[in-house]
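Letters A, B and C mark the chains as written, and numbering starts fresh at 1 in each.
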Amino acid sequence: MTAFVRDQWYVAAYGREVGRELLGRTVLSEPILLYRTEDGRAVAMAERCVHRRFPLSQAPSRLDGDRVVCGYHGFTYGTDGGCVSVPGQRRVPRTARLKTYPVVEQDSFVWVWIGDREPGDTLPPRAPWMDSPGYTVVSGMEPIDGDYGLLVDNLMDLSHETYLHGGYIGTPEVAETPITTEVDDAVGIVHVSRHMDDAECPPFYARSTGIEGRITRRQDIEYHAPCLYVLHSRVAPVGAPGPHPDGSDPHAFHVEVVYGITPSTEKTTYDFWGVARDFALDDQDVTDYLRDSNHTVVMQDVVALNVLQKSLDTEPPGYQELSINIDTGGLAARRVLARMAQERDATQARAMVR
Amino acid sequence: MTAFVRDQWYVAAYGREVGRELLGRTVLSEPILLYRTEDGRAVAMAERCVHRRFPLSQAPSRLDGDRVVCGYHGFTYGTDGGCVSVPGQRRVPRTARLKTYPVVEQDSFVWVWIGDREPGDTLPPRAPWMDSPGYTVVSGMEPIDGDYGLLVDNLMDLSHETYLHGGYIGTPEVAETPITTEVDDAVGIVHVSRHMDDAECPPFYARSTGIEGRITRRQDIEYHAPCLYVLHSRVAPVGAPGPHPDGSDPHAFHVEVVYGITPSTEKTTYDFWGVARDFALDDQDVTDYLRDSNHTVVMQDVVALNVLQKSLDTEPPGYQELSINIDTGGLAARRVLARMAQERDATQARAMVR
Amino acid sequence: MTAFVRDQWYVAAYGREVGRELLGRTVLSEPILLYRTEDGRAVAMAERCVHRRFPLSQAPSRLDGDRVVCGYHGFTYGTDGGCVSVPGQRRVPRTARLKTYPVVEQDSFVWVWIGDREPGDTLPPRAPWMDSPGYTVVSGMEPIDGDYGLLVDNLMDLSHETYLHGGYIGTPEVAETPITTEVDDAVGIVHVSRHMDDAECPPFYARSTGIEGRITRRQDIEYHAPCLYVLHSRVAPVGAPGPHPDGSDPHAFHVEVVYGITPSTEKTTYDFWGVARDFALDDQDVTDYLRDSNHTVVMQDVVALNVLQKSLDTEPPGYQELSINIDTGGLAARRVLARMAQERDATQARAMVR
């Protein structure tokens, strides 16, 4: 399996999912309870009651104001995780306290910090298009029964669009066009770019933009390991003017495809996906089409990765892969993830020695 | 997991479940075949054919008079477990014999003895209300996908009624009222009592007894470890006279809540539940209501314990619990069970040395 | 579990199952891809793409002419397993090659060779009745959730017909009549014969042949370990003349019951079953009846063996069986299989030393 990288921010939910119902999510194998206080603040804490480990997102556990009441024996917790009430006695044991998780709500996501040290000034990476004027967004979340590394592999190598997503977002040119890969080790970002000067326009873009002929198509990936993936997608009719010197680009259509990649357990992953566009902002037909179409594409990935995980689980140990040029992005991502996991573990080991 | 205690009686079935159809139950991981002979005697023996281990409760295995015929190759067994016929030859191998289990039918239950030594004079603990004039009973069995220790914990600490069974049998007073716990180590019985002098009357009792105001409510638990749990429940209107010196108690309503707690495998349990009342004996509406209501309550426990077992199965090893006063009964029961398992194993070890 | 015997032919599919759709089968734990070329030749190769191990029988993987295109990233393979095209680059790595499997199409079956050495002149054992003029055949395949040794045990000891298949093919005489067993170690064939001179005619034969009275019934088994089982079944009215000196046998009805026994994984098996008859060749009613009836019988075995495997999986280690005369065929088969597995492993070890 792909090693978990702790001391990092991860998307635990969309802001819209976190409300006055208790929500349970498991992130890096830690069961986490999410809810929103009466004044609208998202909070996250351990999802298991300190008493007998009952899951606090499980009915009849419930909110009482901003407090969580365990549905089994009524242990009651405040937003700081502290137990404020237990049945049958006045005194609450001092150690009755749930671990809480730092939370940042940003770019439509509820991010939680998973780790042993505090985040300090570290903030989650940005995906501003998910929640900005000038963009219309469709988004969702699909659980995958597979190692998160399989999703990273998938997204870093878009040549699979031609085969797995043919008829939706793939055309022959995607698989045919070489990529360039750059790694910024200092910040843990992998860039993969594929620029197609003269390509077929797949239905995903033809129908949403209205372009009828061939297109120039640019795919510029930024993977902020381990948790956030952004595909800057630019399409324009062949021959249309390029971006202006001031950065504006009125003759092209821009889509920001965002993935929150959140390892749940060793072999399950939350796939938070969003598609933000800068055109046809109020066109509900386009919104509906892109939502349906992208959901179909995501589910093609989910089905394929679930099948792949099952296949790998029955491979004899030490099975081999064969990598080629298209894999430079995915291999770079694996290296970055492995290094981050190692460095973090080494830091942690040093901290424990002190 | 909670250690199994061998050399004990366990409820394998209700008497009504054991008849002229072959019934398979697994008790302390031993697969057991149960049926009733033509003259009405319940018998229990190993449920796996000596030949190729085919399960004898599985069709087309069948009874031929009082004999069991294996559905695979026709090996045929008498009520003493001895094989009386095999296919293709006259001679039956001397070693062709199924282990039989001592059986006692008592208090509506079919008890089987699971162990290595014989029961001798040891009889199962009593729950006479399950089958006595003067009581009307509703009962059933639900399998739980959890360690039997979770059910013992659940039943020893009734403060959970307030939370898990609110609206049925729980009211705030149950959780609020302290308990007293006594352990009789010599006989392996744990007593837990909770006496509420002035309490809300939950629907379970309001609707079945007709009491309209507040009640005095007594819960006196006797847990005969490992196998039988009895809750003596007494409710009466506040201010009603108490029991007479002769033990009669005409102004109160009595319910005996009985549980046969039978470990099936390490993580599955049979939950035999019964509710015997000494009032409204012939009132079918009350009978129907109590059956439905208690079944609902049992299923609330089943769902919670199944969820809890799944949660515990994903906890990292060495997870911690936090116990408070309400847990004295459950902790006492755990200690008694651990001691019984140890003493039995020690006895067994001595017996094997001889 | 029963050891796998490698360097052997196994039935992977019926010829009719292998066509222009990609078919995946797992034989001796090896995932195999089967399809038919445009000119009608059946081919078999490893079912996992060399790139990222995606299963090649999984949509949207597909055939392009005689080539297989992986549905994930488009790696494309020829019938010799060689990769002929990868995305994004001209050069195909030399090591991009799928293992292929020798294939023989014979007697309605597609046989594949599973092993490390080449088959050389070794051909699969024959079951010519499955595809010969003079015979009408019904056949099918059922997967079993059990060790293939359980199916071998089942088929070698037909006394179970009396119990498991009573009312279909079993009568009391099958279980009552002793068998003779012979083993031809040189070729790995076990023969079991049971000759009943005066037996009840079971519905399977009564309805298909029209015989109304009692029959002479001969069951002559040939098990070509590990992969093919044939039951030569002859029924004739009691008193009918026997075979002529020239081998013809016009007064009897002959059924060849054929099983391809193919271990899939350690605890799953493909049960290829066929029933070939030399009478009522064009009678569709008889064909339909025998198909339905034999399918029922096969499913009785499947259900029983699935249950048996589950039972065995929960037996404590070192459980015992008790064998009697009826088991001589099954025990002989086990010995032959164990010897074949050992000899093959020893041969392999010697080959690796060189």
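Please note the rule applied: contacts are C-beta pairs under 8 Å (C-beta built on N, C-alpha and C of every residue); 3 or more make two chains touch, one makes a residue touch a chain.
Since this is a predicted model, take the numbers as computed values, not measurements.
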| item | value |
| --- | --- |
| Chain-contact steps, minimal, separating subunit C from subunit A | 1 |
| Copies subunit A and subunit B - rotation angle from C-alpha fit, nearest 5 degrees | 120 |
| Chain copies touching (subunit B, subunit C) - same or different residues, decided at half shared | different |
| Subunit B-subunit C separation of Cα centroids, rounded to whole Å | 48 |
| In subunit C, residues with contacts to at least two other chains | none |
| Touch list for subunit A against partner subunit B, complex | 29, 31, 48, 50-55, 58, 60, 69-74, 86-89, 93, 95-96, 265 |
| Subunit C contact footprint on subunit A (complex, rising order) | 153, 157, 159-160, 162-164, 166, 175-179, 304, 307-308, 311-312, 314-315, 319-327 |
